[in-house]
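Following are the structures in question.
Consider the two complexes below, in which chain A is the common component and chain B and chain C are the respective partners.
Presenting the complex of A and B:
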């Protein structure tokens, strides 16, 4: 029964996150399955492109943010003084709305983005966005690692293991690899993915809304696509242009939420 | 309605059978205790009634009804809704580690409102009457700002004052000091056991404590079976094991030692004094007992000797070297000059569940511990396990699959295998039943006969003082009564 439930859960997660994988299949494969108008207007191509960029952003941000979070979380517990320094900086960052952080990150490169060709601009935009998303997700991610790790060390394992002669560094390395911390890391990764998804789409939406296709960064995101076709819901429009990316984003978000909840249950 | 009713109920932990096809029931208004040797599954059984055992670790058989509601049916633990009904029907579970139920992010007042809504006035009154504690003075503090003893008194009273008809109490005396125990017995007899509308089921190995309670029934859990006892066993038959003596002589001397530490307060961190002005000499081959109420600084003294704390002042002299000067603070690694002393010290900490790596078998864990400098071989550990009543089969177990009592004995065997020169035992016999405890005491005495060791035992149990300790000190008397700074 439990095995069946686990299989169903995994299948469910794969189905929900499928849009991210399908975005890498050539859009021509799906041309026969969607209304001709979507193909002819170039919408289908844009849709695939935006989800491809989204998947790159999600994977890159998750890897980069996880690397930084694990390192900072570990160092914070290893050295209380350094940990307090990190905590103050991250608390300051957290007090700024995510979108503003993203805009601040784009400010130094806005000239470059405006001057360069589409491909170079897109690459730079992606790099800057991954950096911005990492900065905004970092405070919560570091805290989520630092608190349980510190609890494991200070309240539970430090006395025995230090008395055996292990250094704090080694005890923390061992504790980082426990089932409890592995579950915590899964939860942190799911949280980063969810937060990045929301930031990417909302940022794309606002840029498109504010500057239209002339805006920098040239950030092709499902959020920008939704904003570009927001009039599709009005009379004479094609509602599918609005709902298709929206529903795909909802399914991906649900997949991340399930991952988040699932890891929490395992931890409990 | 029968509050607890089992029909051919069984519990397995992996391949290990803890309860076999048990038919057991307790009538409404009854008060009962389940006794039994350590590691037989007493606490597990109580937790199965409370519904807090994970189905990922334990498997069940048969059925159980709690307060008339199905809790387990055909070996299947029922869903969350069913257990919510049971919880709302009046089930109150008090775990052994009571302080763990408190949410560290909430103040004590907020915890009280969450755990026992509408019961604040009665809790305040009971804390005042039985434990001489004014709750208002603690209401705005967070759990980590309150001493262990105060925390335990407050948590016990909050949990036991919740409205409910079925009270499950798991090893309530494990962390209670002698004074607190006396008041707790008085409270239970007057407020809980005399109430006709309450059904009371407790598991304990503390015969001394059980005899002072007005209980109707006693059971023993052994080899997977629960059997009713006609009368409680006698304690007089216990004899103190004779310890042979090795070489003697002064070995460690504490000169005007004081210990401070930081605590989070409303206005940031504040310095608290655990103890000050401690002057004490420990000689080899004598079993020293340190007693005193919870939170008086006994465990801090152990950590100060181990040099695992910042804020130690004074001198701890061992063989002419001042350990405080060699290692003034705890930075996470030992200076080279202190390392030879570290290898000679071993501690059995209060909570032995955290003495081995969580995700490794005891055997693999021990190999790493021994390699880190503790010393000893797996064969020597296996031999010591036999002495404390465990077997070499336990070496392949994982920490989470062993009971608290088994983990304690495992930790003691590990400590003896390291052949320490200084053996520090912090509540070493908690969770171990009296009969097994004597075997463990004997194993330690035998070690002491061969190795002239400095042996310090922190304990609050009369049994340990009577049958094991040779020279005991009351810690508050040693350090003098002082006001917290």
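Presenting the complex of A and C:
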């Protein structure tokens, strides 16, 4: 019964996160399934492009943020003094709203993004966003790793490792490979994905609202696409232009929330 | 002595010093990366002091934004919205956890599984609401009300969509549920007190469990203040309220460094004020827990 439930859960997760994978299929494949107006106006192409860029942003941020979080979490437990220093810096970063961090990361490069070609500008914009998202997700991610790792290190069986003469680095390396830490890492990854998704789309929406199509970030975001078609909800508009990317974002978020919930239950 | 230490730490260091340091670091970073001439740094510092002192001469190069107006926009829009959102968030988390914890108690000890099942359905529903992007909810609301949307509804949307209330309820629920099978909770349940199904009132079963979770819940709420402020900033921009979010965007549009620095500083101050209020509650109710938390 539990096996069936697990299979159903995985199928459900795959279906919900499908928009991210389908975005990589050429948009021409879906042209017959949507109203002609969406194809002719170029909306369908923009929709695919925005979710393609969203998937790149999510994967890049998750890999970069996980690498940093695991390293910082490990170092924090290895050296308590260094860990305290990291914790103070990360607490200060956490006290600044993430949307503000993203705005300040973008402001300096806005000139560069406006001056350079579309491809260079898109790459630069993605890099800046990945950095901004990593900065905002790092405090919680590092805390979520170093607290259980330090708990494990102070448990009895870890003391027995020490009596065998294992170094602290080696004990921590062994502990990082336990089921509890693997579940913790899964939860941290899901949390990073969710936060990045929210930040990317909210930021894209705000910038599109404030600056129009001339604003940065230069990379397309589903949030910017929704903002560009926000008038579709007014009388005479086509609500599908607003709701299609919104519903796709909701399904992806539900998938990440389910992942977060599942790994929480496994950890408990 | 303990109260003095609390004031120095939370008001002076985490409040004033963090707000000033945050503004200095962000502004310095901004000026450095746009390649501003050296005299711009001096002008920005001067302008910042004029803002803090409430001078009429603030940002003379960019008329239209007085220091009083920026501070007022924070006090009249951002702060009340943030406080309202914080109160609604707390109420939702309390009601959700009380319902979940009494449902678990009834299922485990009396075999009544109805409430626990309903809680499962409600959890799924709140998860779906949490997955709705905040700006989508705001725009739908703006479509219905325009710029006249009432503050309480905006504050409600701020916490219900985007995951804030989902996360807070889950945090408190998990903490309270972990106590259902403990000896002290079982003993309390035999004393004949009410359950407190919908709210953890004092003297009820859920109220008893909540009193044990409160010292952990308050620091959690303090940690969520920046997320609330960030969400409120998005609301201000979407509804075109003359709050700090809109001022910040105006500053970016006009590349007005003085205004940018001023709005960031006031935003960080609002952030610090709300966090200070939450920590003061923790200190007043549980001074030992506060000491332990730091």
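Note that in this section the second predicted complex is superposed on the first by the 264 of 268 C-alpha atoms of A that agree within 3 Å, B and C clash if a C-alpha of one lies under 4 Å from a C-alpha of the other, contacts with A are read in each partner's own complex, and residues count from 1 in each chain.
Please note the rule applied: contacts are C-beta pairs under 8 Å (C-beta built on N, C-alpha and C of every residue); 3 or more make two chains touch, one makes a residue touch a chain.
Given the structure is predicted, the values throughout are model-derived calculations rather than measurements.
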| item | value |
| --- | --- |
| Combined model on chain A where chain B meets chain C, clash or fit | clash |
| Touching partner for A:129 - first (chain B), second (chain C), both, neither | neither |
| Partner chain in contact with A:48 - chain B first, chain C second, else both or neither | neither |
| Contacts of A:258 with chain B and chain C, given as first, second, both or neither | second |
| Partner chain(s) touched by A:86 [first = chain B, second = chain C, both, neither] | neither |
| Partner chain(s) touched by A:178 [first = chain B, second = chain C, both, neither] | first |
| Dominant toucher of chain A (residue count), chain B or chain C | C |
| Chain B versus chain C as contact partner of A:163, first or second or both or neither | first |
| Partner chain(s) touched by A:74 [first = chain B, second = chain C, both, neither] | neither |
| Part of chain B, among the options 109-117, 253-261, 289-297 or 415-423, whose backbone runs into chain C after overlay | 109-117 |
| Residues on chain A engaged by chain C in the complex (per definition of touch) | 92, 94-100, 103-104, 107-109, 111, 194, 198, 201-202, 205-206, 209-211, 223, 226-227, 230, 233-234, 242, 246, 249-251, 253-254, 257-258, 261, 264, 268 |
| Touch list for chain B against partner chain A, complex | 55-56, 303, 306, 308, 330-334, 339, 342-343, 345-347, 349, 351, 354-355, 357-359, 369, 372-374, 411 |
| Of chain A, residues touching chain B in the complex | 2, 78, 156-160, 162-170, 174, 177-180 |
| Sites on chain C touched by chain A in the complex | 14, 18, 21-22, 26, 29-30, 32-34, 127-128, 130-136, 139-140, 143, 162-163, 166, 170, 174, 223, 226-227, 229-230, 233-234, 237-238, 248-249, 252-253, 260, 264, 267-268, 271-272, 275 |
